[in-house]
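Below are structures written as structure tokens.
The following pair of complexes shares a single chain, subunit A, combined with subunit B in the former and subunit C in the latter.
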Partner chain A sequence: MSLLNFFKKNMNVFPVYSKTAKQDSRKSERAILVFDNTSEVIQAQRTLEKKGWKLRVMGPPPEIRNGCDLVIEIPLIEELNILRTLQETRNVPIKVVPVSSPLLQPVDIFQVKDYGDYLMVRAANMKITIEKENQLIVNISGGGCPDVPYLAGEMVGKSLTESPLPKDIGHTLCGYALQLAYEEILRQC
Partner chain B sequence: MNNAIDARGLSCPQPVLMTIDRMKNQKNGEIIVLVDTETARENVTRAAGNLGWDLVNVQAEEMDFKMTLKKE
Partner chain C sequence: MLAIVGTIPDTGFPVISGKVHLKNDRITIKDQSAPINRGTPALLAAAIKCGEVLGLESPIGFLVGDIGLGDGSRLLYDYLSKKLKDFNLQVLCFHYLQPDVDWQFKVLDAIEKMKRRPFLIADAGYMYAAKMSGLSQEYDLFTPDVGELAFLADEEAPHPFYTRGFILHEAQKVLELIKRAYEHQNAAVHLLIKGKKDYIVKDGITFNTVSNPSIENMEAIGGTGDTLTGIVSALISSGMGPKQASVIAAKTNRLAGYYTQPNPASQIIDIISNIPQALTEVLKSM
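Up next is the complex of A and B:
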């Protein structure tokens, strides 16, 4: 048996070299970008995604007591490149925090609730509910922004695939949160 | 009012889901829905309209809304 085959066969005996261990260590090499307000988060997300970076919009960890209700999680190794890109658009975060302890873990902004025949996803202050069987949007609620009734009017009664995208028809932070909820419910289905 | 849907005290989407479930069982006629927020009233009205039900009356009673929905 070659040395390589020996390691492949006995991978579980050497957990430190296993794929899972590698992934876990990679997963921990993250940082969060903290911005003053949500508009800056949205702008930064758009800028960075356009450049091809994979990131996640999350809720701030309990230890972070300043900034807004959303943070952007990035791979730590890309910090300098990402900051350079954000500087070009004059939208720099107020803080970059490496995720180094459980209290610095960003929190999921999504809440998923199963109502039997229906599924609801909440992202920040917006909720979208669909009928599971046909993916028909049965309710949009939350927010308090002036365009929420319009968003609901345009989307309720349509299937997820037929519905216009909140990011295309919304003009407020509620539209942005609803887009996040929409993407998450699509992912859940 | 025995067969009214009492969705007071429930947050969205529950009033809407209760109303839709009733409409699936009761194909036409009249349904009374009680809600206690303006948002729930709007959401139930929208969902009902999408299923072909009309809001024919809303009575505001203190903090509650008594909605009458009809379908021929």
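Up next is the complex of A and C:
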């Protein structure tokens, strides 16, 4: 047996290949960025999405005691690059937590309710409801922020594609949550 | 006399005060009108409908156009700080205004100069300003939802952005949040907490809860919290005590929803039109 064939046959037992397997699993590992306030989450999301990273905005796991209502889930392997980018905009998280146990799993902020002819998506405190047949926005509810009546007035009665985006016309945390709900209901349709 | 302070989501709506009436699914005030889709118009419409049952005068509105940027709110704060002293009001309810701590102080100063101090109710943006200024105890009733209660309970949060639970409602923590809000004097004397279950609280003690009827489709309908605040405001202006008024308001709002038999596309005006029937029924049962 040549030396090369020997290595091929026995490659699974060599540590170097174990390391590669570990790297593969690391690719699918995730971490969450914890911020002091939700404004910083919104800013970080915008910065990172502009750079092309795929992220998810989620709720913090119960075990994380500090930080605000939202966290950003990232691929762990990109941690350094992502932190470097956030450093450039002076918007670094207060901590980065690897999702290493079930207790550290971030919480999904979306709830979907199927009413038959209607579909409602809730993102945090804001809810958007559409008529399935024509994707008409029939109701917006939740939230006490000062822009909520305006957002509802501008969006209800329009189809999802005709409606202005909450991120363009909203000014508050409720407007941001409504944008997340809007994106999710588009994804569901 | 009940007066309601709030905003209309229309930048062309001027600062205005006067008696508010209902006409063809719109509120009217002097030569202005606005649709009743949610927000302050829904609160006003609910109060007017209650007034029909209770024999009350039409409420006074202090209104301005604001789409959430705060420019209109600041004009209205200025108006209130100059004019409130001329009014004789029993109940004054503050609603959707941009939170502004400095202006809120000035409005409280103006209230001190009124002939009699009205019963003060705050909801939505104005309630945030009351908490942010550390003057929550100057108010007689707040009507938060569970997320807003989390903000009241967080003694360190200067803004809802910094509060855990503001947008991720933690309904299971309501009692703990009530306790913490009162410990740090960040609640009004009374709370009517809106949610799947409504809580009626005075000085940190929960006196009652209301959870029936529970209409699932109402979750989708915007403005149901506004109508609850409108109903309780009207009841208190009729001379009813705040605890009893809160229980009756919570039951009436739910029963109006029940009579509407709404689907998820129903609008708040559909529920408002059933408030007189619901209030009559609840008052009979008490």
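Simple rule for what comes next: the second predicted complex is superposed on the first by the 161 of 189 C-alpha atoms of A that agree within 3 Å, B and C clash if a C-alpha of one lies under 4 Å from a C-alpha of the other, contacts with A are read in each partner's own complex, and residues count from 1 in each chain.
Please note the rule applied: a residue touches a chain if its C-beta (ideal position, glycine included) is under 8 Å from a C-beta of that chain, and two chains touch if they have at least 3 such contacts.
What you see is a predicted model; the values in this text were computed from it and never measured.
Student: Clash or fit: subunit B against subunit C, after overlaying the two structures on subunit A?
Tutor: Taken together on subunit A, subunit C would clash with subunit B, as the superposition shows.
Student: According to the stated criteria, A:181 is in contact with first (subunit B), second (subunit C), both, or neither; which is it?
Tutor: It touches nothing on subunit B or subunit C.
Student: For A:139 in the superposed arrangement: first (subunit B), second (subunit C), both or neither?
Tutor: A:139: touches subunit B and subunit C.
Student: Figure out whether A:115 sits in contact with subunit B (first) or subunit C (second), or with both, or with neither.
Tutor: both
Student: First (subunit B), second (subunit C), both or neither: which does A:127 touch?
Tutor: both
Student: Look at A:152 in the shared chain and tell me whether it touches subunit B only, subunit C only, both, or neither; answer first, second, both or neither.
Tutor: both
Student: What is the contact status of A:71 with respect to subunit B (first) and subunit C (second): first, second, both, or neither?
Tutor: Neither partner.
Student: Shared contact residues on subunit A, subunit B side and subunit C side combined as an intersection?
Tutor: Subunit A residues touching both partners: 115, 117-118, 120, 127, 129, 131, 138-142, 149, 152-153, 156.
Student: Per the contact definition, I'd like the list of subunit C residues that touch subunit A in the complex.
Tutor: 7-9, 35, 37-40, 66-70, 73, 96-99, 123-125, 127-128, 144-145, 147-148, 159-169, 217, 219-225, 263-267
Student: Provide the residue numbers of subunit A that touch subunit B in the complex, in ascending order.
Tutor: These residues of subunit A touch subunit B: 115, 117-118, 120, 127, 129, 131, 138-142, 149, 152-153, 156-157.
Student: Going by the contact rule at the top, pick out the subunit B residues touching subunit A in the complex.
Tutor: 12-14, 16-17, 20-21, 39, 42-43, 46-47, 50
Student: Within their complex, state which residues of subunit A touch subunit C.
Tutor: These residues of subunit A touch subunit C: 36-39, 59-60, 67-70, 107, 109, 113, 115, 117-118, 120, 124-127, 129, 131, 138-142, 144-154, 156, 169-175, 177.
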